[in-house]
Every structure is written in C-alpha cells, then in structure tokens.
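Structures given as structure tokens follow.
Presented sequentially are two complexes of chain A, the first with chain B as partner and the second with chain C.
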Partner chain A sequence: MFNFVLKRLAIAIPTILILIVLSFMLMFAAPGGPFNSERPLPPQVLANLEARYGLDQPYWKQMSDYVVNVVTRFDFGPSFQYRDRTVTDVIMQGFPVTLTYGFWSFVVAVIVGVSLGVVAAIKHNTWLDYVAVGISVGAQVLPNFVMAPILVLVFTLWLGWLPGGGWQGGQWQYLILPVIALSTSYMASIARITRSSMLEVLNAGFIRTARAKGLPTWRIILGHALKPAMLPVLSYLGPAFVLMITGSVVIDVYFSTGGIGQFFVNSAFSRDYAVIMGITILVGVLTILFNLVVDVLYAWIDPKIRY
Partner chain B sequence: MTLKTLLKASSAFVLLSAAAANAQATHPETGETLAEVQTFTYRVLDEHSSVDPQVVEDVTGSDIVRDLFEGLMNQNAAGELVPGVATGFEMSEDGLNYTFTLRDNARWSNGDPVLASDFVYAWKRAVDPELASEYAWFMELMSIENAAAIIAGEMDKEELGVAAPDDSTFVVTLSQPLPYFAQMTTHSTTFPVHPATVEEFGSEWTRPENIVSNGAYVLREHVPQERLVRVRNENYWDNENTIIDEVTSLVINDVNQSLTRYLAGELDRTETPPGQFPRLAQEYPDQAVSIPRLCSYYYNFNLSEGGPEALQDVRVRQALSLAVNRDVIVNNVLASGQTAAYNFTPVRTADFELPDIPAASMSQEERNAMAVELITEAGYGIGGEPLSIELLYNTDEAHRNVAVAMSQMWQQTLGIQTTLANQEWQTFLQTRGNQNFEMARGAWCGDYNEASTFLDLVTTNSGYNDAKYSNAEVDQLMADAKTAEDPQPNYTRVEQIIAEEMPIIPIYHYADGYMFNPELKGWPVDNVEQNWYSRELYKVAGE
Partner chain C sequence: MYPDKTTAAGLVDAAHLAEVQGRSLWKDARQRFMRNKAAVAGLVALVLITLFAFFGGFLAQWSTEEIDWPLMGNVAQAGGPSIANGHYFGVDELGRDLYARTVQGTRISLLVGFVGAAIAVIVGTLYGAIAGYFGGRTDGVMMRIVDILMAIPFMFVLILMLVIFGRSILMLFIGIGLISWLDMSRIARGQTLTLKNKEFVEAAIAIGVRPMTIILRHIVPNLLGLVIVYATLLVPTMIITESFISFLGLGVQEPATSLGALISAGAGQMQYGVIWQLAFPLFFFIVTLFAFFFVGDGLRDALDPKDR
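== the complex of A and B ==
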C-alpha cells in the first residue's frame, strides 16, 4: 500500500508538468491578451505592461520561468487583472469560500443521496421507492442555474427568510441557498447510484445467508450491505468532491460568494494568464490527490482489491 | 417601577429620542426629513480593476475612486466643473500654463495635509513606464509637456510638465493649448496619492489596512468578487456636509439576480435586465430611471484594402444605413431610453450642436425609398447582383437582437442577405482590429465631455479607427479643432462628411435603465458622464 501511494505521487509530478505545458499552449493559442480592450493601448504603454509582466519574453522562457518560480519559491506570480493582488492572494481568498460551501454541499449530497438510495432499494417497487426516485430524477433535471434563481425568488423575495447572495465571512444564512443549489444534482446522482448498487448487493448470496441467520434488517443493511454497495458511489464521489470544492461558476455568479469559480472564468475571459494557471494547477493537484484517496478507500472497502 | 411601567417609560424615551434625532436630521438645502440610516448599497457587474487612482481603468473602479480620492476639480450634478481640492485655477494667456490653488483645509485620512507635491508625485507616477499604467495614454491626451516622451521611455519622469512651487500651488505646463484641459482633471487618473503610503506598501498600498486617501470616504472592507465597503472620512474637508455614512458595492454578475435582490430590498440601485425596462417603468414608475450616456453604438464598414468590394461603394453604405429603422431598434428592441442616431457624437455632448443631416429629418418610408434607389443604382439588391454581408459582433444578447433586427430590415427593404457572426470578446477585438470582418459592431464612450473624443475616431491615424477610413479633410479639420477658439464648425463639418461618406453606421446613443430606491435622492441624472459622488446622495425618511 505504501509503495502504491509513493508510486502514485511520483506519477503525479509529470502529470502536473504536462498539465502546465498544455494549459500554457492553449492559453497562448487563444486570441487576445490580458491588456487588450475596446480601446487599444498605445504601443508604448502596451510594451511597458508586457515588460512588467514578462510577456515580452518568448513562450518557452515564460513557461520555464513560471515552473521555476512555482517549484522553487511557490510563487504563482501577480494577477494581471487585479494589480494589487498576487495569484496566491486570489486563491487564498477564494478557495476557503468554495471549500466551505463545497464541503457542506458534499455532506448534504452524501447524507441525503445515500439515504434516499438505500430507502428506495429496501422498499423496492413500493411508493417509498417511487417517491425517492421521483425526488432524485427531479433534482437531476433541475440544473443549478435554474435552481439558484428559483431559490432566491422564493426564499429572498417572497418569503424574505434568507439573503439573496453574498458571503459575509461564511455566516450560516449565506450558506444555505448555495449549498442547496449546489448539492441537489450531486445528491440525485448519488441516490441513483446507491439505489442500483444496493439492489444488486441485496440480491447477493451473502445477504441471503445473513437473512437466514435471522439478523435484523437494519443490521444487514448497515453491517453487511452498505459497505460493498458504496464502491460505485465512492468512485463517483472522488471527482465530485473535487468539482464541488473547486467551485461552481454558477453558484459563484448567482450568489456572489467571492468563490474561486468566478475568478477562474473571469480570468479566462480577461486572459489573466497567471490566475488561469494558478487555479488550473490547484484543480489539477486536488483531482490527483482525491483520486488517490478514493483508490486507498477502495482497498479498505473491498478486501479483494490489493495494490 | 413595575416591569410594565419600565417598558412604557423606556419606549417613550426611545420614541422621544428618535423624534429628536429626526427633528434634527433634515437636508441642509432641501429641508427634506432624512432617514435615520444613511447607507447606500448598489450592484456592480464585475470586480473593479483597482482602487489605485493611477491604475484604475474601469467605470466601476472609477466610481469607487471618486469616493475615496478627490482631484483638483469635481463635477456637479449637471456635469459642470466645480472646485475639488483646488479652489480654482488660472490659465496663462497662451493657454499653455494652468495654475491651480489648493485649499488649505484638505487632509489625507491620516490627518496629513494634501500638498501640491502629492499631485506632482501622482501625475509623474501615472506616466512612469515602471508603473505601466493602462491609463498613461490619458496623460498623453491631456497634452502635458513631455508626457508622451516619458511614456515612450525616452525621457525621465522628472521631466513631466508639472511643478509645485509651494505647498498650495500646482502648476501644469502643456505642450499645446487644450480647451478642455480643466475638464480632464475630474478624471481619476489625475487624483493625488499619499506618497509615503505608496512608497511604504508598494502595490499593496490600496488594501484597506494600508490605504490613505483624501476623498469623502475611506476604504473599510474589500472582499474581492463579493463586496467593497467605504465609510465616511472624518478628515475630509467637507465632511460635515456628507450625509451618506456608508457605501457598499456588491458584485452581482447576473442582472436578473440583481433585480430580484433589489426588489427584496437588499440594494438601493441596480441596472435593469435587457428588455425589461418598459415593464419595470410601468410597474414602478417612481423607481425606474433611464439615464442617457455619452456613448454611441455603431457598425464599422471594413474600408481597408481587404474589405469587400461592394462596401467600397458609398451608395451601398448609404443604402445600408438608410434602411436601418433606428426607431424600431431603440423603441422595440432595446427599449430603455436609447435615442436613434444619425450622427456619431451624442447630442448631449457639451457645446455640441447637432449638425443638419438630411436622413435624420426624413420618415422611414422616405429613407427606405432612397435606400432602394441607391442600392439599385449601385447594381445590387433586388434585381441586381446578389449581395451577402457578414455582421460581426461580440457575444451578447442585446447585440444579437440589434444585429437580427438590422439583417431583417436589409432583407426586407434591400433584398440583401446577412449572416451573423458572434465572437467572444477578446477574439472579437482581435478580429476587428485586424480588419478580418465585413461589418463589425463598435461602441464608443466619451473620455471627456467634448465632441473630439468621438470624432477623433474617424481620423486616419486613430488607433480606434477599425473601419480604416481615411479622409485628408477630416484629419485637417480635427487637427485644427485642437487649437481653434471655436471648434464647433469643424465638428459640424466632420459629422457632415461622415454622413456623406458613411464609414460607419451610427445606430443609437446609449441610455441605461436603472432601478433606484425611491428614498435615495441626489442622483446626478443629468450628468452625462455619470460621474457621481456618494457624498452628494442622501436618503429621505420613508412615509
């Protein structure tokens, strides 16, 4: 196991380097630049700006300087768009926000999703099953960009219970709507995966044996069925978790949370190369990390899996 | 005292003191009763670029900078020049020297006096290649002596034509007379900065914990992409006349979401979503306001060598322009107070007289008839050689609607086929800048309130002349206008030439639809540049 983790971490380094090179190539291939605007800058002003940010260097030099700075000094450079901030500032400010609402959305999605799935599987083909499936299908077809405005309309404008956006350092009132909007579709997927996998496990031989032993149903479910039924759910949860904590543009845009998703999209539109790279690397590293965590959990859940 | 009487007594006290506070709080000029809580919260579309006066480059940021800093001169509600840090200025006879006298009670938020040398420092900073301000071009436009050479790196920034002979005198030397120079000192790029703070904190000096400013407000909190809060500056020289205590700008990208939050009472001001202004104006007549802007919306013809052959024919360009029913576009497609444009410079521009342009006074039937005549003469259109034109615009719902309307009008009136092409902003800028288009959308907002900010665009060497139009007479007229005592005849002539040769099709002059909290007063609706100052706003008590 230890060797496996080490090996995976070793593979991660070239993976991230390839990610950097590819992102750089795509960035430079996109037309325009960080200092293009409706009002083209006088050539001399543009030259001063490019010199200031090192954009007058050849591509390979910009790329290698970048990698050296990141590796040796953990320096992701200054943002081109926001002059008084570095990329590290942008990430340090936006990531905790996204991490907070992403984490709670994950918790809600897993708890509600798994519960719905398990109930639906146990009460297969009863009204409870239909209700659970109905909820999850409904949640699945309501994307968050539809959910978000509806939630604000109902809870902010009509009922006046919750603020329609903002973050205020993550006070609970500001968390509720983003968490609901972000978690629903994940919850729906989790419920569906749990249900089908649970159904399969419940028909397995060892469950029949457990039933024959006369074990109570709740012990069969919690003690024997749930763990193996979670395998497919788990492989879904790894990437889903990364997606949730690295920010949903829709949530950031509708709820003005100041999360990292909004910075990511804005930086792409304004060609803020440094911020694009910084967030790409962050997402890349987190993806690699959580895929590894999922693989390790696999081995724990399923004794058949050995590394 | 029982609990009940205590409650009664205390509530009576509360009522009395509230009444007392209310009795005092009336507006000094209008006498209106002021609301107890004086806050102003408004929506901004996007995070501002910076609050550093010499670095800021967007409207959102400039609005904030005008609250935090104060320049030599300000604008009043009508957009006229009024004293700021300077009590006034004198111009030398040759128009090359301006001497500003600074008020002696202007203070930085840390209590330091605002000195003439602070302006000298800030102006040199604006042209410093090391800072590489995107607005350095503005200093060049102001014709300050040596600005261009300093920006080009050919001269030291110390050579800039600014001086502070004493603490309260700021002298500017220009390279050529500029009639609207004083107007330009209301622009944020010319605002002072506190040298010691900038030197100490470098690029981080604008953070709330570091910043020292001289405006009516100081920066209290800034959460990027979420909110920015500014509060009253106790050291501001005119603090006693400031009524709003706290100003908050909230970043809300989605305008529909912003409207919902406005209606829920979270905001005092928001833009209205496209197409919704007529409904809102009907439903909330006391809140929906359309504010004209100093901006023009137009389409460029590609007149460069690579441009389509048909468009080199002035009759085709005329016909295309005539066949656009502007009234339908402003009243039905956009419908938030825009005005139809038959010339380039917005009519509200200061001192600008609308030139006599024949098309403007015709009916649409007459324009259409003339358009058909011209296109037939040119050999295109119905019965002629088939013509297909590609309209390029940047991806946006409103731009698409205008383009669709135009293409239908051309199809119906002239029998001309149109294809629509939209591109993401940066891609669009590059395509348009390289003349890889047939017709491309353009929009221009005045940098200052004078017609040349628009008409310079059609001069041959303008960096913004995407049509690549070139006319020696226009170039000469605009060059002469710079030093003319009365440039208006030149502007009139240039507008007439544009109308005759039609390098661009003016479509409409901008107006933006807003919702304003009915309790919020003092908004400078008539300031065409929309240079507003929070210190002039106030909230009246609701009924």
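== the complex of A and C ==
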C-alpha cells in the first residue's frame, strides 16, 4: 500500500511541475507585457518596474523563480488587474465560496445519484426504472450552462421562490439554485453508472447465496451489493470533480456567487495572466490530488487490485 | 439444390449463391442499427438539423447582421416570433433576426463539433495505435504522457490559450481538438493490443511490411468500428465544450455566433419577457445533442462486438 501511494506520488509531482511550467510558457508567449498601457511609461520607470518584478531577468531565471515561488510559498506573484493585491489574495477571497457550493453539489450529486441508480436497479424494468433512466438521459443534454438559466426562469422569474443570484455569505436560499444547476448532470452520470454496475452485481453468485439464506432485501443491498457496486462510481468521482470545478465557472458567472470562476473569467477578459495562471495551477493541483485520493481509495476497497 | 461446380454454368451459379449469402460486418451492423428506433429517429433529426443549418438560410427574410430598426427599441412587445414581418423566431435584443442567427449558430456549433471530433479521432487513433503496436518502452512513455496530460484541467488551459493567442474559431478548433484526443488514444491503444497478435498482422510482419504501413493498412481499418462509435459520442461533447466557452463570452466572436453564444444572450435577456430568445437556440441545442447521443448509442450497439 505504501509503495503504491509512493508510486502514485511519483507521477503526481512531475505532473504538477509540468502544469506549472506549461502555464508559464503559455503566458510568456503572450504578446504584450503587464506594463504596456495606452500611455507608454518613461523607459526609466519601465525598467524600474521590470526590475521590481524580476521581468528583466533571463527566461530560465524567470521560469525557475516562478516555479520555486509557487511550490515553496504558494506565491503566484502580484495580480496585474488588482494592483494592490497578490494572486493569492484573490484566490483566497473566491475559493471558500467555490468550496462551499462545490462541496454541497458533490454531496447532492453522490447521494441522489447513487440512490436513484440503486432504486432503478432493484426495480429493474418497472416504471421506477424508466423514470430514473429518463431523468439521467435528459440530464445528459442539460449541462450546467443550460440548467442555470432554466432554473432561474422557473424558480425566480415565474414562481419567485428563490433569488436568482448573489451569495450573501452563503445563506441557504442563495445556495439552492447553484447547487442544483451544478450537480444535475453529474448526478445523472452517477445514477447511470450505479444502475448498470448494481444490475451486474445483483446477478452475481454471492447475492443469490444471500437471498437463499433468507436475508431481507435491504440487508442484501446495503451489506453485500453496495460496496462492490460502488467501485465504478468511485472511479468516476475523479473526472466528476474536474467537471464540477470547471462548471463552477458558469455558476459563478451566472449567479454572481463570487467564487474563483468569476475572477477567472474577469481576468480572462482583462488579460490578467497572473490570476488566470494561478487559478489554472490551483485547479490542476486539486485535480491531481483528488485523483490520487480516488486511486488510493479504489485500491483500498477493491480486493482485486494488487499493488 | 447445390450447383454443380464441375461445369462452367455451375461455377457461375455457385458464385452467385456465394454473393447472395455474403453478409458483411457493415451490412450486419446496418441492420442492427435500423432496428433501433431511437437511433433511426436520432439520425433523421440529425439530417434535418444539418439541412436546417446549411440551407435554412435561404428561407430567411433577413440577414444575420441586418437590424430591424423599428423593432429595436420595442423588442419585448413587437419582437416576438411572427410570420408577418419575416422574423420566424423573433428578433434578438438588438433587433437582429433570430431565425437567421439560429441557422448560423447551429452551423458553427455543428462545424466545431465535427472538426473537433475529427482532430481528436485522427490524432488519438494514430497515437494509440502506434503506442499499442510498438509496445514496450515506447508504449510506456507515450501512455505516461497521456496520463499526465489527462490530469491537467484542460478547460482552464484552453481558456488561457484563447486569451493569450486571441479568440478565433481556428484557435477554438485547435484547443478543443487538443483536449479530446486523450480518451480516444487510450481506447485505440487497448484495441490495438488485442489486434497486434492476430494472424493477419503476423503474416504482414512475416512478409516484411514496414511497421508504419502495418499500422495504417492493417490496424487502423480494424479500429474503424470503435472509432466511429466514439467519434459520434465525441461530437456532442465538442458542441457542449464550445457552447460552454461561448456561454462565458470567450468563444466565437460577434458578428459570428454559435448556439452557446445565443443561449447565453437569451439567458441574459429573459427577465425582460423575451423568452423566445432563449427557447429557440435551446431547442436546437437540446435536439442536436439528443440526436447525437441516440445515434451514438445505436452505433455502439451495432458496431461494438463487446455488448452483443
């Protein structure tokens, strides 16, 4: 087990470094510098500014400085757009928001998705099954940027039940629509995966044995079938996490929740490369770590995996 | 009953008989596909949408850029769908004809979907086939690269690229294509691993065919069924990706448009009661995706030997 984790880390760490270097190279290739403005600065001022931010250093020195700063101090440098703040400040402001509704979306997607899938599998080929499959097929063509306007249209404009945006420190009314919009399509995928793997497990010999010795259905499902049926779901959680982080960009933009997605898109429009890179790297690192956790969990749960 | 193969006429008969009885893989697949009602309905819908996207413009009474000035300040009351003034789908917030713009948006979304999927399929299949065929250390290195790239959040890198190199459809094609070949390469590699031990590959090696020729002539054609299935399922993913980026305003630039950009514009306007601006693009978006998913599922049932 220890060796397995080490081996995974041995892949994860170079991946993170490659991501950082790649983003740096992309940014360096961009035309124009951070201090190019409509009104050209006097050469001496420009030189001083560049010296202050280390931009007069050679390419390799700048790159290694950037990588070292990011890795050792989580320091992504100053933001070009918000002159008085560093990228880390910007991220720290938005990240708790993203984390809050991201966490709830994840919980909702997993709980609702798994229950829907399990019910559909137990009631295979009944109307319950068809309803569950219908929901998951429908949700496939409703990605979050389609879901968000539809939800606002129905619950805010027509029914007037819930606010159509804002955050207000994360009160529950402001949380509901973003969480639904973000979790729908992942919930559907999780339901579909759970259903098919549950169907497979329910046909297995050990389930027949459990039935034969007269266990009640709920004990068969919870005690015997659920754990092996969860394995494919577990391996989907890695990609789902990535998609959810990506989807949070839409949620932030549409609901004005103020998470990192909003800063990301604002920075994309104002060409604030430092913030874009910082967020890209943060998301990349989170993704890699999350995949690592999923891999380890998978190896831990699945007895068939030898490491 | 059976033709007598000793006479010339009998031989011709036998040849005919063999011809009649021959059932190719493709014919088999076509029959299975045709039995799947959802898939056929999806295919019909897809043909209709493609016709709409490429020829629907001829029915439009307005161009995509013309502004209907009398309607412009009065969109919520007078800008709705109407046959009388030639705006079948109404007008957008600037008084431009939404029918013409939906045609254009559907066309661009379909193009992005197809081109993105094509790039992904070509790059992914070749990469996977080469890695799988050569095996050993080459395979190890190539697939490790794929593993590493897969861990990178590409939506963010794509947006970073669009910001740095300027937003254009070409950049969008390249970026989306770059994201999506990774899955394809894994699938192609897996299939190549089983194919390369088959007799016909052995025979080709024995008569001294060069490795790249074996890959292109013997491996890739045998991957075709699988590739087609995944390509059909890739197109809607590409369309979603493009729409996602256009929804954020980072994709296709005005005056060009795509379904994602139209949905975004419609969603931004809907509190003024101009619901048609969201409804029509959304309808085409959803129908297109549904159609692709159904056709993809049908093709998978028809072509993928695993699920039979």
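The criterion applied here is as follows: the second predicted complex is superposed on the first by the 260 of 307 C-alpha atoms of A that agree within 3 Å, B and C clash if a C-alpha of one lies under 4 Å from a C-alpha of the other, contacts with A are read in each partner's own complex, and residues count from 1 in each chain.
We adopt the following convention: a residue touches a chain if its C-beta (ideal position, glycine included) is under 8 Å from a C-beta of that chain, and two chains touch if they have at least 3 such contacts.
Note that the structure is a prediction, hence the values are computed from the model and not measured.
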Taking the superposition as given, does A:245 touch the first partner, chain B, the second, chain C, both, or neither? second
Give one of first, second, both or neither to describe whether A:288 is in contact with chain B, with chain C, with both, or with none. second
Quick check on the superposed pair: does A:271 touch chain B, chain C, both, or neither? Answer first, second, both or neither. both
Does chain B (first) or chain C (second) touch A:115, or do both, or does neither? neither
Looking at the overlay, what does A:142 touch: chain B (first), chain C (second), both, or neither? second
May I ask you to decide whether A:153 touches chain B, chain C, both, or neither, giving the answer as first, second, both or neither? both
In the superposed arrangement, does A:196 touch chain B (first), chain C (second), both or neither? neither
Is A:253 touching anything from chain B or chain C once the two structures are fitted on A? First, second, both or neither. both
Just to be sure I read the superposition right, which of the two partners does A:45 touch: chain B = first, chain C = second, or both, or neither? first
After superposition on chain A, the chain A residues reached by both chain B and chain C are 30, 148-149, 152-153, 157, 253-254, 269, 271
Using the touch rule from the top, collect the residues of chain A that touch chain B in their complex. 30-33, 35-42, 44-45, 48-49, 51-52, 78, 81-85, 90, 93-94, 148-149, 152-153, 156-157, 160, 163-167, 252-254, 256-259, 262-263, 266, 269-271
Can you check the complex and tell me which residues of chain B touch chain A? 46-47, 49-52, 55, 57, 129-130, 132-134, 136-137, 140, 151-153, 203-207, 223-227, 250-254, 256-257, 260-261, 263-264, 266, 424-427, 429-431, 433, 443, 463-464
Of all residues in chain C, which touch chain A in the complex? 144, 147-148, 151-153, 155-157, 159-165, 236, 240, 243-244, 247-250, 260, 263-264, 266-267, 270-271, 275, 278, 282, 285-286, 289-290, 293
Which of the residues in chain A come into contact with chain C in the complex? 11-12, 14-15, 18-19, 22-23, 26-27, 29-30, 137, 140-143, 145-146, 148-150, 152-153, 157, 242, 245-246, 249-250, 253-254, 264-265, 268-269, 271, 273, 276-277, 279-280, 283-284, 287-288, 291
